Amino acid sequence: MSLQQLKQQVLEANLDLPRYDLVTFTWGNVSGIDRDRGLVVIKPSGVSYDKMRINDLVVLDLNGNRVEGDLRPSSDTPTHLVMYRRYPELGGVVHTHSTHATAWAQARRAIPIQGTTQADYFHGNVPCTRLLSESEVSEDYEGLTGHLIVETLHDTPPLTMPGILVANHGPFSWGKDPHDAVHNAVVLEEVARMSWITHQLNPQAPALPDYMLEKHYQRKHGKNAYYGQNTK
Amino acid sequence: MSLQQLKQQVLEANLDLPRYDLVTFTWGNVSGIDRDRGLVVIKPSGVSYDKMRINDLVVLDLNGNRVEGDLRPSSDTPTHLVMYRRYPELGGVVHTHSTHATAWAQARRAIPIQGTTQADYFHGNVPCTRLLSESEVSEDYEGLTGHLIVETLHDTPPLTMPGILVANHGPFSWGKDPHDAVHNAVVLEEVARMSWITHQLNPQAPALPDYMLEKHYQRKHGKNAYYGQNTK
Amino acid sequence: MSLQQLKQQVLEANLDLPRYDLVTFTWGNVSGIDRDRGLVVIKPSGVSYDKMRINDLVVLDLNGNRVEGDLRPSSDTPTHLVMYRRYPELGGVVHTHSTHATAWAQARRAIPIQGTTQADYFHGNVPCTRLLSESEVSEDYEGLTGHLIVETLHDTPPLTMPGILVANHGPFSWGKDPHDAVHNAVVLEEVARMSWITHQLNPQAPALPDYMLEKHYQRKHGKNAYYGQNTK
Amino acid sequence: MSLQQLKQQVLEANLDLPRYDLVTFTWGNVSGIDRDRGLVVIKPSGVSYDKMRINDLVVLDLNGNRVEGDLRPSSDTPTHLVMYRRYPELGGVVHTHSTHATAWAQARRAIPIQGTTQADYFHGNVPCTRLLSESEVSEDYEGLTGHLIVETLHDTPPLTMPGILVANHGPFSWGKDPHDAVHNAVVLEEVARMSWITHQLNPQAPALPDYMLEKHYQRKHGKNAYYGQNTK
């Protein structure tokens, strides 16, 4: 895949954010990575989706040096870069302030695994990070937000838990490419909405048992998966 | 009706799922049956609605043997087949993860009969199943989900209760044909939404008395029905 | 105004119900009255809005005798007729199952007057009726629903309280003409939604004081009204 | 900028209210000011957005004398004028009855600062005013509503808190021009919605710590801001 093709993918993935109703104004950003070249393509900061053109996208190396583009990259760029450096399996990263996922982040609560909808994508509760300390914020806010995500995932393979809530901020999600990362952002917002309603109907609603979680997660992602057309 | 006409009906009924805002991505499926030929037409697994063509639909006999179509049928196919085999009056079956109905399923609560909106379609509370056991899930998850629905309906005629909540999963609905089954899926989602709001306004809201339930159900479905233009 | 013009008004007012998102399928109806001729125009029963043509509308006298139209009128027609006979100032009547207003009706709670939005249209709490008894339902369900509304309004001039919740059923609204009645149905749904959210944020939220209610109601409807362009 | 250009801006800003789903019918108004000429342009009272033309806008001096336009200005005009006279930095003012912000106003609760979404625009909790007294309402309701906002802001620079909830009424917002004021009205409605959901998920959700509030507010508005493309 050429860098131009990746830029086209990242552009389309960014335009999907308003299409799926995940953003107000410019409150979201998608990036993608070309692993061979070690280059990351990301949305410019504060540019509205309806005015964004392919050449407005910013190309950076993994250390954040600008390689292409005249605009300033998203202020969340250091968070994306930490994720790409830490997890070689990631091809796309997304940050939004989607309504329901952000509300869970503000409530500082993990989204509990209560149904098969979540189990089809997330291998358990969607975690909520701790809050960065004052010294962390002043030292390197956006970079340490990335490390906070890594700390919270601990030893979870990131593609089995393709999203997280950053406390008092909002959701990040990721995937094998920019399109897949946005797909997971849509799912995260929808399960956040379902779990909010579930919580109101029954604050003591039980968790999905492990055997149901495994059944749904594996029938879609396991080695004997039988959901969809491209399974093994 | 020719098989081709049924396929057209099933295609349109599937496309109605996103039109009525019942699905995210591919999270839903509709089937229909040709009782004379004993053939079921169903959505292929994991194919998005905007790319689905009539020849992508899969035709199966009632034992699940593929008769037409190159794609893999919906992973929920065994559930549909159990319903068709058990209830000869069914002409269409739908499964979705519609937001509010799924939330009730996650809360493991029946939708109580609290208003005439529900009484116009559902002859009482919309039940929520028990959870399948670990051995049931490993034995035949999708087939036993169908038997679970049958077990929960017990001796209720299915067209008088044209929908159900499968615990921690989501709603199934059905009807005399695929279009009718989708119609009932829309109603189920709307009564799930209304009952959620009702529950928040008054957790002790009383049930609709039986005489009101009967009045509304019978004026629409009884032998002296006087709602609509095609009544007796 | 000719009867044809009234039919056109009633058609447009019915088509406004889906436009303002007040109805699912055919769950609503609007009527209008020609006071000079003593004729009421109303939606036919169970006909979908996108297929309804002007000649599908049914014309009745105030006793319910059909004067024009081949279709069966809305099953709620007797309720509309009671309202027109009792209140000569009414020119249009609407019934819907709009989501939030219906939820309040199912909760059997009046919508409390908590803000100027409601005070601009409704001179106080929007009342919720009692439930009809079993003998009332079997005697004349739809007609006695009209009398129930009249009983609940008691001595309130209906144009100062242009809507009500029928317990466990849904909202009725009215106005000086069909368009105005739909306008009030939209307002009723929106104040029902606002009051639901208010209730969740503060179950003890105080009522709007009388002097604020009077100020807002009178600046729009009083003899010295100064809201809008057509005031005295 | 010519007066005609300001009128065009005010027209577009008013039309943005329905576009961003902030208003039902005519329940909102935007004004803008030409500081050099001392002239305010504002929406006419009770005129629907789809029929409003540029020459329907009303031009007033800062004392409320009509300079241009045949229509009566918005009934909330005196509130706007107080804001412009008191705060020379304001270029636009907006009033709406947007659903969630109005619900907080009806609950008589400030919107707590619980996330970075709010911190990006509002330097702390969005305050809710006290209720005007009966004598204040009868003396000069709309003018004293403006003074009530000023009283509530106290010594807060208004562009650091570009919105407020007027108790039992609804939100007002403002900005450096009419477009910016509407932008802030959209943000206010969205943070009101997020905070409502947060409150339901965790009524004891903690406030955003000051150092996070400062970080987000300053990275966007401070002298070393690095969000967006036009920062210093």
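Quick notes
The chains carry the letters A, B, C and D, assigned in the order they are written, with residues numbered from 1 in each.
By definition in this document, a contact is a pair of C-beta atoms (placed from the backbone, for glycine too) under 8 Å apart; a residue touches a chain by one contact, two chains touch by 3 or more.
For each chain, UniProt lists the protein as follows: A, B, C, D = L-ribulose-5-phosphate 4-epimerase.
Here the structure is a predicted model, which means the values were calculated and not measured.
The chains in contact with chain A and with chain B alike: there are none. Note: the chain lying farthest from chain C is A, by mean C-alpha position. Taking each chain's centre as the average of its CA atoms, chain C and chain D sit 33 Å apart. Work out the mean CA point of chain B and of chain D, and you get 46 Å between them. Residues of chain A in contact with two or more other chains: 200.
If you sketch which chains touch which, the chains form one closed loop in which each chain touches exactly two neighbours.
The touching residues of chain D, when paired with chain A in their complex, are 114-117, 183, 186-187, 190, 193-195, 197-198, 200-202, 205-206, 208-209, 211-212, 215, 219, 226-230. Residues 24-25, 27, 44-47, 71-72, 75, 97, 99-100, 102-109, 131-132, 134, 137-138, 141, 168-170, 196, 199-200 of chain A touch chain D in their complex.
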